[in-house]
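Two complexes follow with chain A in common, the first pairing it with chain B and the second with chain C.
Right, the complex of A and B next:
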């Protein structure tokens, strides 16, 4: 089954690449603006042999990982505190709903004003965008705690910390993991967008330079890199999620009786 | 865009004011780190052909000779650089003249320190040009009336210049339909007929010419003789507190500009280190002129044009901007 899925996936990708080769070759779009796959592949190979490319990749991954770590930690901690402390959730609900839809890119002028074109301005965007994903999922997760289980824990004399650890956390974890997985993808998008628009060092800035330089195949090669990065991050996040939730019925795939 | 800039300006003022308050009495000028007589300064640039002299000057050691170590931060657009300098993220920046005039007229405390680039002054052979597709019926700037013209930023230097070209050719600039489009997208937009003309700069202009496009007017040449298009600048506060560093930057930049102007082949070579312009395109690129001094008459002309076209809140003070 898995093998067949992989084969189908590969076939789909091959068809897509062939289409990318054929469309410009047939003259449906001009080669100058949309180069065929083979030329993009050559530019891709050139990139891989360039030291500055790896530095840029490192910069982007640093921004992504740091941003995601900050957002996930803050989202989980704040989510749990908001849910556990009485009335705090109600008091903050409207503020959260007000802040959450503000697109992170709208904060670019603020980021530039505060930090110029540095890693920190990218971090501001990444953290702002991915924090909400984790926070909201954590809030839902904590809300899902079975009151009977919680009462049972209380009647057995478990303290606040023990209840958070043994009742609240296992219930919330699947939600939190979903939040982190979503946040991982959002963080990558924002890291690259931030670099692209602000010019902070990284793959995004490299794409901007290629665009300004009329280096079309190089630009597409870099875009392919960001796509691959997104794919890897998604696969990685799913693996982490499966490991962390190996005990959970959604992953075990059997119904607990 | 203007409102955004105004908001940024206000924010920048606040940040600068609060920074003054907190570090005002420490006495130590925040000129970045300095060690062994070398001062490290941050310079905000856009990675384009225009700034080649700085990279060349850095390579040739002109900045080192003046006790400066340049730390170049690249930004994708000029819009990020003015607030960056005003708020002290960068000590120096590079921006076009009209953007600087707009910033001054909105009260952003900045001051030019050195020339950046100037037009070649030769019609049809400038680094900026209004280009049309091969076989277009548009023959001169007057024909742009009623046509769609791509421009990188509305209400900025290129719009001023294109309007002046149309006016000088006897047309009515108010009848031109300006469309905002990034330089790099202009060749494709022109080729596919999405716009009738484009005000492009290098290397997009070389790409357009390469696909058979024609340059029908040179807007920067129409503005004035040897128009100063962009300059290096700093904040008035940094200039007051670090007059010596500013002077050294000025001298080193003047040397770099003169060197780049005299050695176009080396300038072309250095461009390959910080852009990805393909060699075939780079060979066709028309380099700008890099005089050491800004041309005041041309800046006054741009101020006047910007005022006529309503780009400024209040008349910008050219003397207060210039070094």
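Right, the complex of A and C next:
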């Protein structure tokens, strides 16, 4: 069963690539707009042997990882504090609901003025966007704590810290992991967007350069790279999630991003 | 009454406090990038006149609506088909996963090649970014149909459009709405970015113009407008969702009460 699914998936992928080769070759779209798969593949190979490509990849990953780390730490810490301290959750609810839907790209002009095309500009966007994902999931997770377990811990005389560690954290962890996984995808989008629009060094800036210099196959090759990167991050995040929750019977339905 | 007052206090206290802090902290600010809140609010009515609302905000909202609606129709339709057939799903899954993983804003240069820099480009960009969460969530929702309900519908002879509307789409709708919600924030992002790239009007265009001409208070008002727009759309979405999924939330609440 699984083998057959994998075979079907591979067939689908092959058909997709073949379509990408055939459509421009048959003249259905102009070749200079949509180069055939083989030319994109060649441009891809050229990129891989180019040192500046690897530097750009490194820059993008730095922005992504740093931003995600800051956002995840802040989201978890603030989420737990808001839920543990009485009334803080209610007092902050309206503010969170108001700030969360503000699109992070609204901060692009501000980031440009403050930091120009530096890493910090990208970080500002990445952290703002991915922070909410983690925070909201942490808040949901902490709400899910079983009151009986919490009362039991209290009556056994566990202090606040011990209750956070032994009752609250294990309950919230599955939610937190979902939040971090969503945040990882969002962080990549914002990192590359920041580079594309602001011009901070990285894959996004390289795509902008390829576009401006009419290097269409290179542009497609770089877009494929960002897709593969996104795929790797998704798979990686799922693996981490499964490892971290090996003890947990995760029966909740997952939401695809 | 007392409870209402205390609730109101909880809702309003922190926002009010934050605005006051912002006001006081920035009041004597001479930093060009952080103008006093007073200046920003004074500038606001001068910048966002009726004319500007008509020429910049309306086109933005129109593009967002068109792209989002297109993505919703395509996403739900294709997602339902893919979700209904196990083989088709296995065939498409790797390709869909890859397409979803591409950060949507990088599609702007590609779509610019095909569609130039007009409204078509922007609507296409918004639709092509929004479609993935909707499509994949629809696939998941349709796939997770309750087999008992499927059998019941079959034995009652419910089929065709009625089966689609009353069974398939209905039971997938919580998932579909989750996808729609994610698509909404992606849509706003893409709306702004596509206007920052190449445009002659729109909110994103206006804000970048202000930034380039160092009209910092004007730029701040633009950020506020985007924030308000994002907030309003999310409130609107919640209202629609609550109505459309009333049956679902009701059922969840009742199962939670009875252990």
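To be clear about the criterion, the second predicted complex is superposed on the first by the 245 of 257 C-alpha atoms of A that agree within 3 Å, B and C clash if a C-alpha of one lies under 4 Å from a C-alpha of the other, contacts with A are read in each partner's own complex, and residues count from 1 in each chain.
One rule holds for everything that comes next: a contact is a pair of C-beta atoms (placed from the backbone, for glycine too) under 8 Å apart; a residue touches a chain by one contact, two chains touch by 3 or more.
This structure is a prediction, so every number in the text was calculated from the model and none was measured.
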Looking at A:82, would you say it contacts chain B, chain C, both, or neither? Reply first, second, both or neither.
neither
Quick check for you: in the superposed arrangement, does A:211 touch first (chain B), second (chain C), both or neither?
both
Give the label of whichever partner, chain B or chain C, reaches more residues of chain A.
C
Is A:173 touching anything from chain B or chain C once the two structures are fitted on A? First, second, both or neither.
neither
Name the contact category of A:196: first (chain B only), second (chain C only), both, or neither.
both
So, does A:11 touch the first partner chain B, the second partner chain C, both, or neither?
second
Per the contact definition in the header, classify A:40: touching chain B only (first), chain C only (second), both, or neither.
neither
Quick one: is A:234 in contact with chain B, with chain C, with both, or with neither? Answer first, second, both or neither.
second
Touch test for A:104: chain B only (first), chain C only (second), both, or neither?
second
Based on the superposed arrangement, let me know which partner A:112 touches: chain B (first), chain C (second), both, or neither?
both
Common interface residues of chain A with chain B and chain C?
33, 109-110, 112-114, 196-197, 208, 210-211
Any idea which chain B residues touch chain A in the complex?
4, 7-8, 11-12, 15, 42, 44, 46-48, 73-77, 80, 83-84, 87, 89-90, 182-184, 187-188, 191, 203-204, 206-207, 211, 274-278, 281
Chain C residues touching chain A - in the complex, by the definition given at the top:
10-15, 18, 33, 87, 90-95, 97-110, 112-114, 133, 136-137, 139-140, 144, 175, 178-179, 182, 185, 188-189, 192-193, 196-197, 204, 207-208, 210-211, 214, 216, 219-220, 222-223, 226-227, 230-231, 233-234
Given the complex with chain C, which residues does chain A contribute to the contact?
4-5, 8-13, 15-16, 29, 33-34, 87, 90-95, 97-98, 100-110, 112-114, 185, 188-189, 192-193, 196-197, 204, 207-208, 210-211, 216, 219-220, 222-223, 226-231, 233-234, 253-257
Counting only contacts in the complex, chain A reaches chain B at residues 30, 32-33, 109-110, 112-118, 196-199, 201, 205, 208-215, 218
